[in-house]
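Think of it as A, B, C, D, E and F in the order they're written, each chain with its own count starting at 1.
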Amino acid sequence: MIIILTNNNDNLRADGRAFDELRPLKIEAGVLEKADGSAYLEIGGNKILAAVYGPRELHVRRIMRPDMAVIRCRYNMAPFSVGERKRPGPDRRSVEISKITADALRPAIFLERFPRSTIDVFIEILEAEGGTRCAGITAASVALADAGIPMKDLVVSCAAGKANGNVILDLSEEEDKEGEADVPIAIMPRSGEISLLQMDGHITPDEFDKALNLAIEGCKQISEAQKNAIKNRYGEENG
Amino acid sequence: MVNIVPEITRKSIVELIENGERADGRSIDEYRDISVEVGVIEKAEGSARVKIGKTQLVVGIKPQIGDPFSDTPNVGVLMTNSELLPMASPLFEPGPPDERSVELARVTDRCLREGKILDLEKLCIIPGEKVWMIFVDIHVLDYDGNLMDAAVLGSVAALISAKIPNATVEDDKIVLDEENPVALPINEKPLMCTFAKINGELINDPSLDEENVMDARISIGVREDGSICAMQKGGEMPLTKEEVISAVSRTIEKTKELREYLP
Amino acid sequence: MIIILTNNNDNLRADGRAFDELRPLKIEAGVLEKADGSAYLEIGGNKILAAVYGPRELHVRRIMRPDMAVIRCRYNMAPFSVGERKRPGPDRRSVEISKITADALRPAIFLERFPRSTIDVFIEILEAEGGTRCAGITAASVALADAGIPMKDLVVSCAAGKANGNVILDLSEEEDKEGEADVPIAIMPRSGEISLLQMDGHITPDEFDKALNLAIEGCKQISEAQKNAIKNRYGEENG
Amino acid sequence: MVNIVPEITRKSIVELIENGERADGRSIDEYRDISVEVGVIEKAEGSARVKIGKTQLVVGIKPQIGDPFSDTPNVGVLMTNSELLPMASPLFEPGPPDERSVELARVTDRCLREGKILDLEKLCIIPGEKVWMIFVDIHVLDYDGNLMDAAVLGSVAALISAKIPNATVEDDKIVLDEENPVALPINEKPLMCTFAKINGELINDPSLDEENVMDARISIGVREDGSICAMQKGGEMPLTKEEVISAVSRTIEKTKELREYLP
Amino acid sequence: MVNIVPEITRKSIVELIENGERADGRSIDEYRDISVEVGVIEKAEGSARVKIGKTQLVVGIKPQIGDPFSDTPNVGVLMTNSELLPMASPLFEPGPPDERSVELARVTDRCLREGKILDLEKLCIIPGEKVWMIFVDIHVLDYDGNLMDAAVLGSVAALISAKIPNATVEDDKIVLDEENPVALPINEKPLMCTFAKINGELINDPSLDEENVMDARISIGVREDGSICAMQKGGEMPLTKEEVISAVSRTIEKTKELREYLP
Amino acid sequence: MIIILTNNNDNLRADGRAFDELRPLKIEAGVLEKADGSAYLEIGGNKILAAVYGPRELHVRRIMRPDMAVIRCRYNMAPFSVGERKRPGPDRRSVEISKITADALRPAIFLERFPRSTIDVFIEILEAEGGTRCAGITAASVALADAGIPMKDLVVSCAAGKANGNVILDLSEEEDKEGEADVPIAIMPRSGEISLLQMDGHITPDEFDKALNLAIEGCKQISEAQKNAIKNRYGEENG
């Protein structure tokens, strides 16, 4: 009798992860000196800094809101963060990501407490390896908490997708490039509501359903790491 | 410019939707009148004018011979741009594309690209050296909500109807036959459906007034076989998972209607 | 006896027009929904939209005039309006045309009735086939009327020029390119005064004189089409 | 910056003109003092400093070898730029060229180009591949009105006096002989005359004060044979046909005077 | 944004310095804690994170193959850029580099270039055709004064630690061996020392508070042998000749300490 | 007996100058009509114009100082001022020179007399032949005096450096390009204080010392020419 040993899903991903497994994750709050709040996040090969200034006075009257604060986000990739040097300055991709990042974070913040002011979120991609927009949102949430911005919940973000015909969690750069679909989401974990959702690629509705659930599970895991980061920061201050 | 909606407008729209009604008499899942006209710009190799209610845009297709990207040396290039013309709304200002315009162009681009509308490999002229670059320019003339569905519909119609010169290679030189133009290599015809969430209800084809009071927006692009190719959430408030799932199945049904307007 | 049959001027132009003949012309007022006033114009292969917003509040203090409204024009060519795709955004040509368009329209408007405000005119060239600046001004006038802006007169614009040695009216794209001279003008038909005048090429003073007269005649014909467009729009509303 | 002229200045200028007089003692058709000096910038292949009254500008000519335009493969390129330096007027601000600067450059460019100042075909080096690009840069140092006449006069003087390296082709390589520079292939010498309309009168060479109160402006470029090559109306008010015709014939006479200042 | 320092802060800093003391307990010529960590960005061919007190920046090195400048056809190119990220200070705003950022990049560039850190001739791949372009990008994350010393220290550390693909030429084609990367051809290791003049005293390594009240600033770059390669005065007030001379000799001593932090 | 005739340093520089000799210098004040003050300067092949407007109202609130005037400088090279045409508009070099020029001039001006206002200095390099930044500062000082701006002293600027192993004064373009080091400085001659100091190249501390002294001597010579220019301007007005 021949027994064929089969692994479960584990060995089907290039980096040996299970289909529903996140890349190694590390979050640290309060890493910068000047910003009102900050966070550093590593997931897989991504290295990301987020910083928050505010609520502070808004000088641009054109976008001021008399009844609440505005949130402005700037997602930026360092020239050395990718294989081929990226020219400094915003491009269309970073403009779009900046916008949807603000959209993803906005519902969690008690903006109405700070009329006529701004909360500025700066996300810096020091090194990119797939999934930077999600990692940026996750880090920004921790930075907002570190800045003491009152929030209903800690927004958390993660992608699922499809590669080699399988629905998988937290695509690496290679899986994103070679794979069939990418579904980055952000949720407010308490309510489970979705504040960011994008998708591009080719996926059936059933697979999408599966990917969405997987991404939500991923978010929940990352949410724990966020809370720990804030707890560590808080402990540190009181220790 | 921040667009402040009078409380009374907001209230009236919300109350109507509570009763399954809308200000212009439509039902929750009904589109406004749609018209699609192709070939409206003779100098453009492809073109379409789309009206959805009072929203109007023109899409023009221009081909150009250029260098392929170094990582995809044997495939043509599809480029999508949009201009929110200041004539289209008192809210739009002249100047370089702002984040709304960039979002519109990039979501349309993803829907076309990931929906595999063109067989880009057939747009290679000399492998590694020269390929067709197909420019899709979305020119928004009148803005009364739901630009995304109109932009995708217009882009697909313009691409379907486009004819570009036949390019052949003789003795290492590219010969363009402008007398006998050929259609673009159309693969799929993806379409997009956008929903606004107002008072917990997902309504199709939001008008500008509805967009101004909506909590959230979701746009979904699907191919003819019902597979999904693009998705984009917008707006200031979140969606539930159930709302997303429901929007997907409603999109698959609704794009069948939209498909009727394609040439 | 040999009789040589000569046509009159008619067949001397590539498109069969007489020297003093306009291309087919169509003007429609009130074609856009959001603008305060609008017009659509086709002449030959040109397709042009004009829209007007205002009088409205002017936010740019630097150009505000305490005693009257300012008029701002933006002439823009769609990327797909010409043979080879035009890159979006203003170039030197469109900056100049925008300026002289404002100069051409300004004297007809009762600007002093709206101090500290602006009247914004947007001209969009959807398809270009020679003579877009004149067509844009003609369309803009109708859009101003459609917006209810009080005016002394309806500015109207048309070019004459010289091609193949002949002075001709309303040059087509080919005639403009191959020809010897182009004289675009705008007039206020009631007074006959000239509010736009440019010329480039090579022409004698006598020919210029002839071209100027021809262009004025052309303007008068187009003026009728403008009035009809406004009448139709008005009729429609009351019909 | 809007330049508001005190009512008293306006009135005094207008009243003088009613009597055929001007604030600086000139007659209606008289230019201010003109000086044209060429070769003022040694590093420029051609240059001229022009003063008309208190208006002063420097024009520099720089040649550069470049690719011809694809639709005119065998002719050189003439490019005209202008900078309204912030030192020239409290009204000028640093930054990219504004509409006044663009108009000045484009009208000058048309006058030179349509006036056929250069035989551009002689500026072709290798047909279809390399041509001379001649840059005309107009640097406005002091702005006291009538920039157009000064810009054209200075550009023509600078081009006439320019010497560029002799370019020959040997074995497909371009050889530049900088030791034996050659003059540019000058064809014609167009010049421009500008009139301001004040109180129904057309006056030559308006000063800044006169420009500030003028109703309209007309600039006319003519070749030596009296044929017209360029025209541009400016200003906030209209002109009559008779005024235009009269300006043309006055230009033909007046440019004869201006021509005396050319090297 | 103008940074107004409260009079009380100014007074306290000045009084401390009068007594040879500083707010954070340092002596006049003492640096804050310094840390230099290399290899922090794996995708960058070289990188370093530098902290001087609360000032923090990351420098990344990216190589690129490009064309040499026409006047130096056989030498590689070194390009230095800096971004004062808006996260680094409430005073920094998003947008293109302002004059502070340009000054930081250009002074660092001069210190590296004139300090001959690289043997640029060894970065030529095909003479006259292809050379290595080495980009040094300085990313300022936290700004608490003395960016120049940190930028030079980080750039030198990142360049020393960098490894780029080995480029060889076979049959006129460039072959890149990414498996066996090679170090950059390091020649010299210039370093920079900055002094702030406060109340007539030159203090090393000014903090942001000190920079805000300083009269002048002087930055001096030296090679290991004590020869000077770069110098830049800043600040609103002048320096005496004696102060400059003294800063030079102090720099030669002090950079010996800084050199310990290099990898 | 053979006598070898040695020149002193004179013939060791390409243009025949002594090591401590300036290039021919000419300064004229009050050369422009519209500016509040102006100066024209030639040194060697450099031709430079400086103009001053102010003190005047400052419209940019972001940089306004409630207790003093700000000084803004713009150093600009004409496209035709150098061998190969320079593209118009600021580059990184001109941004840096503009900044250090303002720094160099600032300490000499009684800025506190004009709170909330600006003094604008425009420096135009019409022709460049080495040492334009110093020449620009020297000319700007004269223009400031010509504008009647109250000053403690006339800032003056000059470079020394090292070429062919020798420390020399006032480097020509060729000496700057081929030489080992360049040390541009600006001083306030009354106090001898240094308000601009840059250096790039390779020089020992002793050589630097020598260069600094040489540059200071050069500044003093140029200072005389500045004063003469102002005297001539003053004489002219009273003559």
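In this text, contacts are C-beta pairs under 8 Å (C-beta built on N, C-alpha and C of every residue); 3 or more make two chains touch, one makes a residue touch a chain.
Since the model is a prediction, treat every value here as computed from it, not as a measurement.
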Neighbouring chains shared between subunit C and subunit F, ordered by label: D
Chains touching both subunit C and subunit E, listed by label: none
From the options C-D, B-C or D-F, the pair that copies A-B, where over half of the contact pairs coincide: C-D
Computed distance of Cα centres, subunit E from subunit A, in Å: 32
Length of the line joining the C-alpha centres of subunit A and subunit C, rounded to whole Å: 53
Interchain centroid distance [CA atoms averaged], subunit B/subunit D, Å: 48
Shared-contact residues (touching 2 or more other chains) in subunit E: none
Sequence positions of subunit F contacting 2 or more other chains: none
Cyclic chain order - from subunit A, heading first toward subunit B: A, B, C, D, F, E
Residues of subunit D touching subunit C in the complex: 1-2, 97, 99, 102-103, 105-106, 110, 113-114, 116, 218, 223, 226-241, 244-245, 248-249, 252
Subunit E-facing residues of subunit F, complex: 62-65, 92-93, 95-96, 98-100, 103, 106-107, 181, 183, 187-188, 191-205, 208-209, 212-213, 216
Touching residues on subunit A, where the partner in the complex is subunit E: 32-35, 38, 45, 47, 49, 51, 53, 56, 74, 76, 78-85, 88-89, 120, 122, 124, 126-129
Residues on subunit B engaged by subunit C in the complex (per definition of touch): 40-44, 47, 54, 56, 58, 60-62, 64, 81, 83, 85-90, 94, 96, 135, 137, 139, 141-144
